[in-house]
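Listed after this line are the structures, all set down as structure tokens.
Look for chain A in each of the two complexes below; its partner is chain B in the first and chain C in the second.
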Partner chain A sequence: MRRWIPYILLVLIALPFLVMYVGFFMQAFGEGMHLGIIPEKFGFSNFRFLWQPIAWGLGKTTIWVTLLNTLIFACVSGAIVTVVCMLAGYALSRIEFKGRDFFMILQLFLHAVPGHILLIAIFFLLFYLKLLHRIPGVALARASLEIPLGVWIAKGFFDSIPWDIERSAMIDGCTRLQVWYKIFLPLVKPGIAAVFIWGFLFAWHDFIYVYTLLPGTVKLLSTLIQSLIATEVIDYGYLAALSVFYMVPPLVLFVYLQKALLKVPIFGGKGL
Partner chain B sequence: MKNPNITDRKYLALSVFISPAVVLVILFYFVPVILTLLIAFTDMDRSLQWNFIGFDNFAKLFGLKGKDPFIGKIIKNTLIYIAGALPLTIGGGLLLSILSMKIDRNAGVFFRAIFFIPRAVPPVVWGFLWVWAFEGTRYGLFNAIRTALGLPVVHWFIKYPMLIVIMANGFLGISLAMLVFSSAIASIPRDLTRAAEIDGATDWQITRYVIIPMLKWPILTMTAWHLMSFVNSYVYIMLITNGGPYYATEVWSLYAYHAAFNRYRYGYGASLITVLVLVNIALLFIVLKAFGVRKMLSRGKIEV
Partner chain C sequence: MISVTLKNLKKYFGEVRAVDNLNLQIGEGEFMALLGPSGCGKTTTLLTIAGFYKPTAGEVYFNDRMVNDIPPRSRNIGMVFQSYALYPHMNVLDNIAFPLKLKKQPKKVWRKKAVEVAKLLQIDDLLDRMPAQLSGGQQQRVALARALIKQPQLLLLDEPLSNLDAKLRIVMRAELKRLQKDLGITTIFVTHDQMEAMTMADRIAVLKSGKLQQVGTPDELYDEPANVFVASFIGTPPMNFIRGSLLKSGSSYVFECEHFRILLDEVVVQKIRRFPVTNNVILGIRPEDVEMGRGEIKGEIYVVEPMGRDTLVTVKFGDVYIKVLTSSTVKYSIGENVSLSFKSDKVQLFDGETEESLYVKGRDER
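And now, the complex of A and B:
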């Protein structure tokens, strides 16, 4: 009996959430709900946004424009995080310089301070940089939030690579940039994938930056869903279906990148 | 003896590698802090004119000159929110990690996955789940269940708004705390719990006197981390109740956001944020004093 107590407690705590999650999928794929979670039949009528325009406020949009906006935003942000962190991660892993420890600690603390409290100032900053209300500008601001931890992740990947290869390349006459580009990038492909997914995912999930810094006419999936929640009459089935649609692309990306990039080239060289 | 030529080349390479990160960090962390500080001393509104008014915003904030009628309620809300969400996060995280580490390994992974979902789904979807679950009509999840059982509907968001936002944020915190505590429990040597078992300790005694003392550091780090996070959090509250009904869940950072972007009083919003940034810096110093952060840094293995 006693060994069942943990199970019972866990099930009791998890039950409301399980009901919530199951109900969410029932809402998305069901039609004619009873008791909130039991549908009359299953179907895809809640996914009608795929072939019909979406009405919000007085305007209309289609899911594909919104999806494209979100993809551009997340890819730009992910790419910025990847390039910046891969460069900085190499330097922090391999080059000894004054202030390196300080820089690393600083990144940790910056990560601890949520950047979104500085939104008022970032609004003005983007305004003066003429980047406000533009997807690439907002993507840059969003990307910078993930730099502090991204740098740590990238450094970890560089740390795990033996330095022999790099030294032999430098003895053969490579410059640092060539070493980074020709030797390291192929070796840290898993790191690149990880950092890109990191940047992409947070931008894809982001709500507050997009909501505040992009004009109301440019909707991304997150702000579209929010604006549909904030209306008077909420169609829960429709919103659940939209949420399912919103959550699929990161999963696809994750599976794809795992296959494509988690293959580390195996060297046949001496000592490796 | 250092070769100056090599040193020069090293710093040239270094600047190429590190400057993008440095520029972005300065541009989007340090410049905004300074900008916030400057805007806090203006009465910036939607005309975006820089009109410096000295300490008027702060005077208003502290009730010295003109009074902000909401500030007392906002402070109270913020304190209640933190006092609710922080213990929920740490206590819930501890409970779930201890329970899920005690049972069969696969079952434990299953339960941890369930409780990690809040952090894995996008914020708007998490917000949507709570809005839907606690909807005040019979279309909401819990009211639909109540209706099925023949009970009247409850207007959850009017009756328990603060409780709902505390739970919604608390379970987000729990998902991280649970993972951290679970991996810490996994690293406790089995000998210790075995020895206690042989000595006749009960499950409760093992938990209380062996496991929890071993989790001292993870508990401290998670407490510090989530304290910072709850002091500044407003995004989920905004998505779920947007501070309502009538300021019942409006916390400090959300109030600042609303002041700036809903009422276009950027100057006043920035002064609220300035206070928040000062609180953050103070908390960081306390954390820095309490922890030896330097221990967390590993040096590069080799200098080429």
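And now, the complex of A and C:
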């Protein structure tokens, strides 16, 4: 009996979260709900947005346009984060220059600044750069928030490559840039995947930047869900189904990239 | 092939003087070892020659050309690292051919050359393998092949043998030496293992705390060490040192310490270049130059270590311990009282203050 006590305690602690998840999936896949959690039957009617246009305000949109917008937004943001962090991470890991330590501490400090307080400044910045109301522009702004910590992540991966490998490549005739893309990039594939996921996920989940900096006519999944909450009658089943749909792409990406994330090369030689 | 000259080379890292005013000349086709304990500046010197470190002061010359400002990739050198530093994401063929691919040589050419050099090093059956699938010895050969494929004018080896197991190390020692002689490439070799340096190098430069202690052939370093450090670093088991006084006795000299006094041989006295200001000296004698069984030095056997062909006997005189290498045909036991003598012409004498040798050096007096 005694050995069950820890399990009972753990289940009790986990229960609220489990109920939340169960309720969420019940809502999405159930029809005719009682007490918000017990469905009369299961079906896919909540997923009708997959084949029907979505009414929103006076207009209409389809899930596929919204999905494409969100994908473009998250991928552009992830790509910007990846390119900048891979270059900066290498430089911070390998090149001695004045103010390097200051720069690295500055990155941590920047990461601590909440993105929301920059909204107004970024609004004007994008406006003057003629990037306001455009997905790539907002993706750039969004990426800049994840770059500070992404640089640190990337630097960690570069730090793990022995100096001998770099020196060896330079002896063999590589310039610094050649060392970076011929030797280091293939070796830090897990780092590339990690940094890309980092940039992608935060952009995918972003609401406030998208909501503020993109026009109401350009919907992303996060703003679409929000707009459905902001109506007088809320169809919770519909909302839950849409949320399930919202979860899928990051999960797929994660599963797809986890191989790369886990594949850590063996450096140098035996036992090193 | 080139000669390498280091002129007043200095490399400081902040306060640390990794290399301190090093002057060294490495001749064309010469096999030079940089020998010293860890932290002596030998790897820093090598990395400065390779061009990874800029000297704080002084110059590096390849032949007559000052190369301080030439980046490593343009120096036409080959280098083998202690960790071998193979590229883990390329197979053996690509690893070996990498320097040629960077030069944009056509596939036909680099493939042919890679196979050639792989054959030379007997790894041509491993070309499809990845580095992680190779043994340490195989990895080392790949690293060597990669260093040799571009026909460098200078080969730098950074402790290339220290990651191999003891048996393979002895095999590779001989092979590397033979290869270097066959190819005739000027080679600089860093090691902390005096045995490796002795067996492989044409000449050895001994470094300590960034300062050059002595340069010479293995025999010179062994027979005429410039100071106590070199004498203690070269040779296994290491030289015995006894502190004492150098006294004039009639027309000859006597070494005297607490436990015994010996009359110095005429040969030894002839070699003394200068006498120390104080009579404080250190006498050095190699274990194989001590003879057991007779002589005026009397002691007690402290420990006996059989080593097969020889036996290493430690003899104790008061607080002085002397290691003696004797033939294993005579058996000794702990506590036994023995007398011994030093081969009189093999005795080394060092200044007790500066630890410099008191002898005239065959080479530097020339």
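Note that in this section the second predicted complex is superposed on the first by the 245 of 272 C-alpha atoms of A that agree within 3 Å, B and C clash if a C-alpha of one lies under 4 Å from a C-alpha of the other, contacts with A are read in each partner's own complex, and residues count from 1 in each chain.
Just so it is clear, contacts are C-beta pairs under 8 Å (C-beta built on N, C-alpha and C of every residue); 3 or more make two chains touch, one makes a residue touch a chain.
Because the structure is predicted, anything quoted here is derived from the model rather than measured.
K.L.:
By the touch definition at the top of the document, which applies to A:116: first (chain B), second (chain C), both, or neither?
P.N.:
Once the two structures are laid over each other on A, A:116 reaches chain B alone.
K.L.:
Who does A:177 touch here: chain B (first), chain C (second), both, or neither?
P.N.:
In the superposition, A:177 contacts chain B only.
K.L.:
Does the superposition put A:186 against chain B (first), chain C (second), both, or neither?
P.N.:
Second partner only.
K.L.:
Of the partners chain B and chain C, which touch A:46 in the superposed model: first, second, both, neither?
P.N.:
A:46: touches no partner chain.
K.L.:
For chain A, which side has the bigger count of touched residues, chain B or chain C?
P.N.:
So, of the two partners, B touches more residues of chain A.
K.L.:
Have a look at where A:167 lands relative to chain B and chain C in the superposition and call it first, second, both or neither.
P.N.:
A:167: touches chain B and chain C.
K.L.:
Touching A:90, do we find chain B (first), chain C (second), both, or neither?
P.N.:
First partner only, chain B.
K.L.:
Hey, what residues of chain A end up touching chain B and chain C alike?
P.N.:
Common interface on chain A, chain B vs chain C: 167, 170, 175.
K.L.:
If we count contacts the way the header does, which residues on chain A are in touch with chain B in the complex?
P.N.:
2, 6-7, 9-10, 13-14, 17-21, 23-24, 27, 33-37, 83-85, 87-88, 90-97, 101, 103-110, 112-125, 127, 140-141, 143-145, 147-148, 151, 159, 163, 166-167, 170, 175-177, 180, 204-205, 207-208, 212, 222, 225-226, 229-230, 234, 236, 239-240, 243, 246-247
K.L.:
Please name which positions on chain A make contact with chain C in the complex.
P.N.:
Touching chain C from chain A are residues 162, 164-165, 167-175, 178, 182-183, 186-187, 265-272.
K.L.:
Where on chain C does chain A make contact in their complex?
P.N.:
Where chain C meets chain A, its residues are 47, 50, 52, 71-73, 77-79, 81-89, 98-99, 102-103, 131-132, 134-136, 139-140, 143, 146-147, 150, 163.
K.L.:
Would you tell me which residues of chain B are touching chain A in their complex?
P.N.:
10-11, 13-14, 16-18, 20-21, 24-25, 27-29, 31-33, 35-36, 39, 48, 95-96, 99-100, 102-103, 107, 111, 114-115, 117, 121-125, 127-129, 131-133, 135, 139-145, 147-148, 171, 203, 225, 228-229, 232-235, 238-239, 242, 253, 256-257, 260-261, 266, 269-270, 273, 276-277, 280, 284, 287, 293-294, 296-298, 300-304
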